[in-house]
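Please find the structures below.
Look at the two complexes coming up: subunit A is in both, with subunit B in one and subunit C in the other.
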Partner chain A sequence: MRKYLAFFRLRFSMGLQYRAAALSGVITQFAWGVMEILMFRAFYRADAEAFPMTFQATASYVWMQQAFLALFMVWMMENEIFNSITDGNIAYELCRPVDIYNMWFARSLANRLSRAVLRCMPILVVTIFLPAPYGLMRPVSFSAFLLFLLTLFLGLWVTAAFCMLIYMTCFFTISPMGVRMVATSVVEFFSGAVIPLPFFPDGFRQVAALLPFASMQNVPLRIYSGDLAGKEMWQAVSLQIFWLFALTFIGKLLNTLAMKKVTVQGG
Partner chain B sequence: MRLYGKYFVIHLKSVMVYKTSFLLTCIGQFLVSFNVFLGVYFMFQRFHVVEGFTYNEALLCFGITLMEFSLAETFARGFDLFSYIVNKGEFDRILVRPRNEILQVLGSRMEFSRIGRIFQAIVMFAYGFAVSDVSWNLLKILTVILMILGGSVVFGGLFLIYASICFFTTEGLEFMNIFTDGAREYGKYPVCIYGKRVLQLCTFMVPYALIQYYPLLYLLDRGKAYYSLLPVVACLFLLPCLLLWKLGVRHYTSSGS
Partner chain C sequence: MITMQHVCKTYKVSKRDAGFSSAFKALFHKEYEYIHALDDVSFTISDGEMVGYIGPNGAGKSSTIKILSGILTPEQGTCLVNGMTPWKNRIAYVKNIGVVFGQRTQLWWDVPVMDSFELLKEIYRIDTPSYRRTLTELTEMLGLSSLLQMPVRQLSLGQRMRCEIAASLLHDPEILFLDEPTIGLDAVSKLAVRDFIKKRNQEKNTTVILTTHDMQDIEALTDRVILIGKGSILLDGTIEDIKTGFESTEEALAAFYRSHHI
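Presenting the complex of A and B:
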């Protein structure tokens, strides 16, 4: 365990170095957030009845999404890992007395967390002071806030575990481009990154809620604004825990399979 | 122009060597923008009308914007990766050749996999075209062509700005994404739905509205006739972009290799 913690610490402090990039990123995310909210406003004006969340909850969802972008975006995968598989550097990693899965997992968690820590604060601080329906609302209750933190972490874990599956398939396919693109767009849509899950039409929404993708950003972001509460909320949390174990299990399984037949490329 | 044709053929040939990989990335590109389309579809299932625009009309708008952007991206991809050229000091090589620098950068990279996206844009446009009750005439078809051309020029100009900034920072700046990817992303709806302020910005600062919103109004018989010529006006946007580029080239100091 200690060595994985060390990997985590190393990556984390490395990620904190890129402050100028983070600043530029924060500006971008503000602009995206503003446009997104303006878009929802137009639809809200068109037909407030049909709006499935309160407008304030939607605005909070958008801001939280921008603030914690780095935690949940599947396309932010590590090229280093892909490269090490395709160019054969993987050999060095295999020599180390560590488990590949755990090491990469620690690395992904650290990278995502460090990026999010750098970027979330300015967005959260500014948006909480924006005028009422457009800004970030305060959490509905203290218990909801605690649960938000917990599910935020669970969601991050599920996202990272899912990315591990993609890294692992790269052992079998070598060229990651195809799998990666398809996986990214599927996840993006079903996790509620394009439009939040409540905006999906009936029937489709219920199915989407069961998929692992719904256990990523969907749960914490909606718990925060109180949109997801009561029985439905507990179901979502238990589903998160289920997918966490399931994805990790499948990932480890793929890992053992891959290690048995690993071919070192290049030279 | 002949030189550009040569570049074009070379890139096409090099892509065709890896046919499967090319096909897969095309499909990937198609899927990625399919997401956005699905989002629009679901929103309209729920709301039917936004700011007086129906689903079919929005689709027409989305199709055109996507086509403008993808065309620009296919041909101006070299600017998108320009930070790499500056970083590696490859721009020195470009400068010593007795040809126009912009032409060479344009020719340094072409992204044919964007065909996936263009294909989708065509499908969406054709669908919007078929179901919308626009009464088509020659002038309107001409307007669409002008929109696509003008739009590609504006997006090309934005890529040029992005590249010019690299002269000063050697790194590409992430916030430029707002103007390129962001415009593609939010161009799925007519610009006016984002409110008056945004519409003004998009008319006078970066002329998105001139290539999307106003001509669209004309297509839908809601705007004045001169709206159809606004995409031509939008092409003037290229002038300040070129100026910035010239400034950048003068400012350029090699970063070595």
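Presenting the complex of A and C:
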């Protein structure tokens, strides 16, 4: 366990040193958030009744999403991992007494957390002072806030476990680009990164709620804005835990298979 | 003690002619070729021995090192290193070996060298006193003191290579595999690395297997040479065995390669 913690620490402190990237990230996320909220405002003006979430809740959803973008965006994967597989630097990692899956998992968590830590604060602080209904609303209750934190963490874990599947498939194909592109767009759509899941039509919505993608950002963001509560919320939390285990299990399985067939080319 | 017996490794390589039409054809029908990287390779190396493993490009040197370090699994044959089969139970096995791949890097690019070392300390669970001792020793012998605080991306190749070697030795392995450790190094770094390897072998009785194209490495370091060509061992002896009658080792080797059509 300690070795994976060491990976976590190193990757985390490494992530903290990219200040300019964090600054530009914050600016981008502000701009994006403003754009999205203005767009929703236009829709809500046309007919506010037609929407399943209040405008205030939607705005909070968007701001929280922007603040914690780095935790959930599947496209933010580690190029170093892909490179180590395609260029063969993985040879070194295989000469180490470490489990590849656990090591990369620790790295991914650290990478995402270090990015989020740098980026979330300015966004949260500014948006909480924006006038209602455009700003970030206060959490509906203290218990909802705690649950938000818990599911935020579970969601991060599910996202990282899903990304591990993509890293692992890279062992079986020469170029990771294809799998990566398809996976990224599927996840964006089904996780509520483009449009919150409650906005989707009946039928589709119920199916989407069961997929692992709904266990990523969808749950914490909606708990925060009070849209997800009661029995439905507990179902969502249990699903998160289920997917966490399922994805980790599949990932480890792929890891075992990959280790059996890996060939380090060149050199 | 390292023993390799009748080890074979084949790679499946897709091949086609250059050009658009053959690329198009390959969409429907791929042709593969099987390349015997290792063809019945056997040798034994005893503890504390220093062996030069040489051969022309593509002879199977790196494949052998990869098998010995547990990264590749051969189709046939047995291999025992200190009583363990490298490719079985990888994690337990690799604790006792150190590997340097001259063409790859193990150090974290964007952080100081020291950070990578600290990580290795945790990975190998080296206790603090022996870590300090080894680090001081390595720093002194390889001249690293001014490099440890620098980010790896700002090191030159030779500086980086010395750090890479140190990184592979922090856990004080009994066996050291060096795959072209002096590639691209200047004269000073080369000499430093050679001296270091030699000392390490003499003082700690570390078994060293070294692949290289630099004959001076071989002459400076090893008594025993294993020469491999097209996946088979052609010679297991001393460099003098090849050298007889030639002025330079390089010429002797070239003549040897030609006479064996490799």
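Please note the rule applied: the second predicted complex is superposed on the first by the 267 of 267 C-alpha atoms of A that agree within 3 Å, B and C clash if a C-alpha of one lies under 4 Å from a C-alpha of the other, contacts with A are read in each partner's own complex, and residues count from 1 in each chain.
Note that a contact is a pair of C-beta atoms (placed from the backbone, for glycine too) under 8 Å apart; a residue touches a chain by one contact, two chains touch by 3 or more.
In this text, all values refer to a predicted model and were calculated from it rather than measured experimentally.
When both complexes are superposed on subunit A, subunit B and subunit C fit side by side without a clash. Within the superposed three-chain model, A:194 lies in touch with subunit B and out of touch with subunit C [touch as defined at top].
By the touch criterion defined above, A:3 reaches subunit C but does not reach subunit B.
When the two complexes are overlaid on their common chain A, residue A:32 makes contact with subunit B while staying clear of subunit C.
When the two complexes are overlaid on their common chain A, residue A:95 makes contact with subunit C while staying clear of subunit B.
By the touch criterion defined above, A:181 reaches subunit B but does not reach subunit C. In the superposition on chain A, A:46 makes contact with subunit B only, not with subunit C. Here the vertex is the CA centre of subunit A, and the angle it makes with the centres of subunit B and subunit C is 90 degrees, a multiple of 10.
In the superposition on chain A, A:14 makes contact with subunit C only, while subunit B stays out of contact range.
For the pair subunit B and subunit C, the model built by superposing on chain A gives 6 Å as the shortest CA-CA distance. The interface of subunit A with subunit B does not overlap its interface with subunit C at any residue. If you check the complex, the residues on subunit B that touch subunit A are 21, 24-25, 27-29, 31-32, 34-36, 38-39, 42-43, 45-51, 171, 173-175, 177-178, 182, 185-186, 189, 193-195, 198.
Of all the residues in subunit A, the ones that touch subunit B in their complex are 21, 24-25, 27-28, 31-32, 35, 38-39, 41-43, 45-47, 50, 52, 175, 177-178, 181-182, 184-186, 188-189, 194-195, 199-201. By the touch rule above, subunit C contacts subunit A in their complex via residues 11, 62, 66, 69-73, 90-92, 94-95, 97, 99, 101, 103-106, 108-111, 115-116, 118-119, 121-125, 179.
By the touch rule above, subunit A contacts subunit C in their complex via residues 2-3, 5-7, 10, 13-14, 17, 80, 87-89, 91-99, 259-260, 262-264, 266-267.
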